[in-house]
């Protein structure tokens, strides 16, 4: 292993500390003795189940919508492509609460599209579906960006070769493009899921906060912080453990180069 | 039997070529870089479209802009060995060879059986389960050849099949290629910049430069 | 690369020059943590206070429960003003003796024009209404539950918001048909929402205490601010926003 230049070593250690110290603090200060009791409470269980359901749904939807979009962005050249790409990456730089307000103005009861939805009897705010929409809104860009990069790095001549060998577009997609893009797609899905799991601002603004229906773990932590810091720490720990466990499992099997 | 009158514009290149290759014949396309040799193969394979002209293979019209006929690449009876081989990196040699058959609807077991036979015919059976990444130039080239031949195409296209190989492997592979081409019943086009290869493998040669045939 | 680095450094230098200029304007800085319902009135109090002293007041508005938690974690507040005494009591060892400076009452905020014809507290039990309350830990949420329990009204809210302004916003945005907030909040959003009175017999009196943090470095200024808030002039300002005197 090459000796790291001192110029890089110091900032790198700083970065590691920035990530490491808060997480270590969380683990060290956790009320381990009470943890079991805290986690058995219906609030904690509801929040955890809801978080998992919503984040997985949001990831599935992001995958279904995002992969085709990423493919179009990578492999075709349509008018307004730059605009579409900018729009898709916008939620990444937008403060989540702003995203939540925008969702309300679009899909709320008086929203642009929401008005028509309401007439059809479909409401999104204050519902679990609304929480899923909020999470999808913030997490989808991560999937699209990763997937587009994944598609781009495939030599387009391979897809051409597949066609010359007799593969119809659907066959080539299934047997050549998607398998070759798979590592990037999995990485994108993992990032997308992690983002959805941790989403707070857009969810609380668009879907509100109600136990069992829209109060995901991050919202539960925020509210718990106000009166019961121990409960907040316990819930935070749950979120941390679930996230780390999933990411570690994924990294070993799917994300490795 | 291949009959083609090609007219095509691609970037700075204007291709104007007339070809006729009979069954069992091997036509070598020779010429400098940028002459339009690969472009010729690509348009015959269906990866590119003609601007004008006509391609007819064994009586079937594949591309004729004037008549509005365009048979997509995947429906043409063409086998191609590509420049840089372009073996699918995520598939084993066997699955690479079987790809064309499976793409055309053959069930996997049958396709793999025939692919294995094809690999044996070109002397590549030993590394059937190996991924292309670890194969040497010569080995990969044989797999690419098997992949093109196994679909029993009416037209075989070879783009610089002996490029970037060391001397020893080259001669061995050239001999193998010669064997396969002699057994091949359809029409074959071979692109090469090496006149020795053209002499050894082809029945006829055509020089092109700047998109046109040199007389 | 070098050019980009130079440009970046230049921008940072510009920013660095701009920042201290602001701090030079006043000699003292006061940090006040105040309940969300005090947003408008305390801004007005600060303007009046700054005009007569050389102190610059910075605010952190939020749910009283959240502010108190932050204080417990070491947040640097000089003055704390909450919307109920219970929350203030949580930090009795971190503040000097609190003083009551205002009272408030609850009101139902509804969409402008009151299209859903909400007239009384018991209407909130209607299933066709989207009702929003503040979370239990937030003073106004606690007060609301008290009032509803007293009136024996059972409400299923669509959401439990983080503070009173969030409840108000849901009504302003048209997402909720009704929310229980303070009369001062309805007043501050006049024109955007209408208020439905809750009769005294069912209403709850909210008591607002203010206290100086023991860890303050600006004891003199903090005292001056608190004195101003409880003074007759302070009461007059608060009264303009709808608060009742202590």
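As written, the chain order gives the labels A, B and C, with residue 1 at the start of each chain.
Here, contacts are C-beta pairs under 8 Å (C-beta built on N, C-alpha and C of every residue); 3 or more make two chains touch, one makes a residue touch a chain.
Keep in mind the model is a prediction, meaning the values are calculated, not measured.
Note on connectivity: the fewest steps through touching chains from chain A to chain C is 1.
Here the chain at the heart of the shown protein, by mean C-alpha position, is A. The chain with its C-alpha centre at the largest distance from the centre of chain A is B. A separation of 33 Å divides the Cα centre of chain A from that of chain C.
Averaged C-alpha coordinates put the centre of chain B at 77 Å from the centre of chain C.
Put simply, the C-alpha centre of chain A and that of chain B have 45 angstrom between them. Looking at chain C, one finds that none of its residues touch two or more other chains. Of all residues in chain A, only 155, 157-158, 160-168, 171-172, 175-176, 179-180 touch chain B in the complex they form. Those residues of chain B whose C-beta lies close enough to touch chain A in the complex are 45-47, 72-76, 78-80, 82, 84, 86, 88-90, 99-100, 102-104, 147-148, 151.
By the touch criterion stated above, chain C contacts chain A in their complex at residues 63, 65-66, 68-69, 72, 130, 132, 135, 137-138, 157-162, 166, 170, 173-175. Listing the residues of chain A that touch chain C in their complex gives 104, 108-110, 125-126, 204, 207-211, 214-215, 222-223, 225-227, 229.
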